[in-house]
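Next come two complexes built around chain A: one with chain B, the other with chain C.
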Partner chain A sequence: MFTNDKLSTDKLAAWNIGVAMVALALGGSMGLFQKLEHAGTNLYNQLNFIGINSYYQGLTLHAVLNALVWTTFFIVGFFTFAIPRSLGRPLKYPQIQIAAFGLMMAGLIMAAIPILMGLANVLYTFYPPMKASPFFYIGLVLVVVGSWVAGYGYYFTYGAWRKENAGQRTPFIALAAIITMVMWQIATLGVAIELLWLVIPWSFGLVAGTDPQLARTFFWFFGHPLVYFWLLPAYISWYAMLPKQAGGKLFSEPLARLVFWLFLVLSIPVGLHHQYVDPGISAGWKVMHAILTYSLFLPSMLTAFTVVASLENAGRARGGTGLLGWVRKLPWGDPSYASQNLAMILFAFGGISGLTNASYNLNLAVHNTIWVPGHFHLTLGSAVTLTFIGISYWLVPKLSGKQLFSRTLGLWQAWTWFIGMLLMSNGLHILGLNFGVPRRSALGFAPYAQEAWNPLLIEALIGGIILTISGLLFYVNIVGTLVSKKKLTAPIEMPVAEALNPEPAPAFLDTWRPWLALTIALIIIAYGPILFDLISNLNMTAPPITIR
Partner chain B sequence: MMHIDRSERVFFIASAVLLVVFALAIGISGFVYGIQVPQPFAKVNPVTIADPEKSDFPTFALPAAERIRELAPGRYEVYVLAQMWKFSPGSVNYGEPSIKIPAGSQVTFYFTSRDVQHGLKIVSADGGRHTNVNMMILPGEISRLTATFDEPGTYHMICHEYCGAAHQTMYGVLEVVNQ
Partner chain C sequence: MQNKDKKYKAPQGTVAIMVIFIILIIALWGSAYLTLLSRGVTVVQ
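For the complex of A and B:
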């Protein structure tokens, strides 16, 4: 198949992951300044040398770099590495992957310049009629289009594989990765329409006004599946790689496939659960999206079961006995394993607070409070990011051909992330729920701040400091690996867990048409009437307001 | 069909039952206790909303003090204009008086924005008491929600959607006073 398991496209994977890591380093470090500001210490003057002057400018950078750049570039790099290996054939058109990287980089630079110049202090949601430099929006479009192009490269490769392997089941990792990209392709249509129709022409002054309610609706058409675009690659690692790393097998492979199909079908028609308190959308549609969001909870629960059962299989294979004795036998000394298992534990808490957010009128208690960042730092900030970090602990040595600089440092990193995130998200959740403290606000200057917030803000700050230390440990380890002279002594192969039950999955779990038809049908049912209503009552009256 | 382990099937059914229980709780809170979310009310033009001649919702063009209306004893309507970075009426940091209503009143809030997106959550100024008033305030839309204030005390109307450089200063004061 491949000599020494090296592919010409691995360099591209490495470049994507490299850009992702630089983004996380810069974006992540902004987080500490936010927590310091909340606790009353404004240090943004110290950041003037990189162009950052204010809390909101730093927050825009934090969110764009962490939520969009770190994730999208890492995922494209990870898939560029994993899809050809899973299929056992090289990518069909590597040039497509080069073009994709070029587009994403061009977009990143085009969006980063206005942010650093203070011309795009609009946060990553850029809700109109707040107006940023048009180049910020065009840059975002290019990043999204670049990720589409990366997807096309995978589809061509997958199509070629299907021709060469008629009648065979698609290997799980490749199938799951391609489902993820297809879901992303459909979901990003929402933000593409928002930008190209409602935002970019208006930001150039070609149209006088725009419709903020409609723009929000298109944004959240994309905004919630975005969450699953981040999460599904982590699920791929949990289902199909981590059991192998721990010495076990995948508990129920067909259900794992079903879960990915369900995420394709259900990720998109749920966006209104971010808009429960919007004025322009009727309660009936909000309730419908609430129910669909709840059904999205089921594949998550299946994942919890299957992944834990697979790890139990590994723990028992390692000699663990008793009800929970197998847990101690898992390879906790391996930083790649430890960080991903800790990520799962944090995700359990994030799932609970997420269910609260999704609960229609219960959301009134927490909408737009600092509870929400408390929630998504457990999902995006932990389940996803700490898993990607865990993947990096084998993938960076693999791609660089060097031994990991320090396993001990890696373990310290994983545990400090876990503890730091518990403290920070605990503080934020309580502040939001009990005191209604708003999210995305420079609280250090808020005239309505209450004394009672202080202990919790300090808890969150301590969490933030521990997380910053964790981040530093990660980068010391990665840079240490890259500059080290210690070559790998044994080759690293992509871990691929075997199915516990060797019987192949039923054919309907390897067939696209019915699942795609269901996906599109549900989107039309859940979004068709509300979009028709908003567009037929279009209210293009909000003129642009430039934010400094 | 595919093989599903018995324990996994039980887990799946238990998860589904849990969700049904949660959904029932939401339904009961919404339709028995009346805890509702904002619904479409009216679309307006944010540029002319406060202009007495051109406003398509002239109540918003009245002076701030006249936008707090007592409909009947214990029933109030409040029409609030949100703009960078104040709520009118209610923004005490811009020299406006706070909104005062007697304890036990039922208040219907109407909010709209003159510029960018804002948000509103009403919280008690010293922790403790909670309200369910939480809504987005968009230019071009009127957000409406009704709440009853039984406990006297000071409440803050906090803007919870980022609205520019001084977003963190945007709030208003609502006082629920003993009769």
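For the complex of A and C:
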């Protein structure tokens, strides 16, 4: 690429990642207030000066900023940086990426104002009949549409590369990123239909009632693949960047490609496993989605195997011997590496609790309990967030042209995140499983709260405090890097791991039509009849409920 | 052939880690399942 192209791409990436980091700082800071409230110390009145008055308002801010804004902006920034480099050509239309950023920012501001005014205390799932200001929903639509527009920019760039390189295999990073965007664009159709048809007209008062069951079904059409929209960019780093950072090679590029195609096919037709206790959907469809959810175990285990094998390759290349002696040889002194490897370890436990959630019968033991946030803090809060933090440790110096402020601080940050998350998620999991403690509840006020919960609530609070310290260390490092006068002494390039076997992957792993056809067919089979049934029996009667 | 075998040596450490992971899955999932069972059953008359 020409230098000017790289500069403009990098600026676009930097703006997206900058907004993501501000969102994580604000959203993450709300987490401590939740843990304090659960342990009996309500400090939300200390936040009146920024418009926060209640647990539910703080929780909405925490979830929307962390789960939707931090992730979406970071992923768009990361892809904007990585796709052109992977393809070895500039963005075809950089102005599309600028338009995408503008739309996402407009949406973010439009959604943030009602949250801060206490007019959108509906959490990030915004289940009707809880009702927010219509501008909250319109803002979310704009963020999603902005991310679609970003995707179109990548598709044009990919199309241009394809014309210039007929017959060649798409470079893995670009292919995996574009598969992720395609999966996202199909999945977000669900939430777009929910918002535009069932929620926004109702929130404006144009119709008196809405249909919560249909709205939830459309939400979870999007809600579970949303998890893979977060995870797959982290997987891209684990598969294709981390082995290079560790001094090794990607163990099997064909397996890596297969995994991304499988996630495209299998991520979406699984949403009913979030609705096992919903009364309006028959058990047969739930069982079908349970089986499809379990089929995601295959690409997940392939990922675990391939990534660990790539790291074993690196550890042995660094002189490691014996069955597990290579683990110690990995570059644990590099904060970017340590963050991502620790993220993987936490994710292993998140995967296990995810299998519990996905089990049709076992889900009943943990459904809607605080186990669930315990689970997704190991996935979104660890596998994704700690990996994105690890990526930032090389990407922010790359984008700013400055040396990382402190590697030691970065290592402290990674390990404190690991320890804090272990404590917090352990407390939450046990509270949910053993005591049935509800999620999304101001437990400090709950008349049903029990003395026996206290040790675990305190464990979770200690974890939350350590996580807050870890977050502060991260921002000291990032801001320190940005204001530092220490320029890079050598250029940083995007790490790209070579494949252990340099032969090109089979052609069917670089062919879109069969995989897209399979994706659409499976969605129609898994969702067609149930959506037909729910729409045929549309029941727009639920009046709004406002949460203060 | 000998060179090829050396280049693609089986990742034995990875296999060991995967075995440990699968045992962990069985143990933790099983423990949650036993918790479910310990709560008894609801008999619908």
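By our rule, the second predicted complex is superposed on the first by the 541 of 548 C-alpha atoms of A that agree within 3 Å, B and C clash if a C-alpha of one lies under 4 Å from a C-alpha of the other, contacts with A are read in each partner's own complex, and residues count from 1 in each chain.
What we mean here is this: a contact is a pair of C-beta atoms (placed from the backbone, for glycine too) under 8 Å apart; a residue touches a chain by one contact, two chains touch by 3 or more.
Source: prediction; values computed, not measured.
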item	value
In the superposition, chain B vs chain C on chain A residues touched	B
Which of chain B and chain C A:Phe305 touches, first, second, both or neither	both
Which of chain B and chain C A:Leu443 touches, first, second, both or neither	first
Touched partner set for A:Thr72, first chain B, second chain C, both or neither	neither
Partner chain in contact with A:Val327 - chain B first, chain C second, else both or neither	second
Which superposed partner A:Asn313 touches (first chain B, second chain C, both, neither)	second
First (chain B), second (chain C), both or neither touched by A:Asp278	first
Which of chain B and chain C A:Asn477 touches, first, second, both or neither	neither
Partner chain in contact with A:Ala348 - chain B first, chain C second, else both or neither	second
Interface residues of chain A shared between complexes with chain B and chain C	251, 301, 305, 309, 355, 359, 361-362, 364-365, 434, 501
Complex contacts: residues of chain A adjacent to chain B	54, 56, 121, 123, 127, 129-130, 209, 211-213, 216, 251-252, 254-255, 275-283, 286, 290-291, 294-295, 297-298, 301-302, 305-306, 309, 355, 359-365, 367-369, 434-436, 438-448, 450, 452, 501, 503, 505-506, 509, 537, 539, 541-543, 545, 547-548
Chain C residues touching chain A - in the complex, by the definition given at the top	7-8, 11-14, 16-18, 21, 24-25, 28-29, 32-33, 35-36, 39
Chain A to chain C touching residues, read off their complex	251, 301, 304-305, 308-309, 312-313, 315, 322-324, 326-327, 348-349, 351-353, 355-356, 359, 361-362, 364-366, 433-434, 500-501
Residues on chain B engaged by chain A in the complex (per definition of touch)	1-5, 7-8, 11-12, 15-16, 19, 22-23, 26, 29-30, 35-41, 43-47, 84, 93, 115-117, 119, 121-123, 125-127, 130, 132-144, 156, 158-165, 167-169, 171
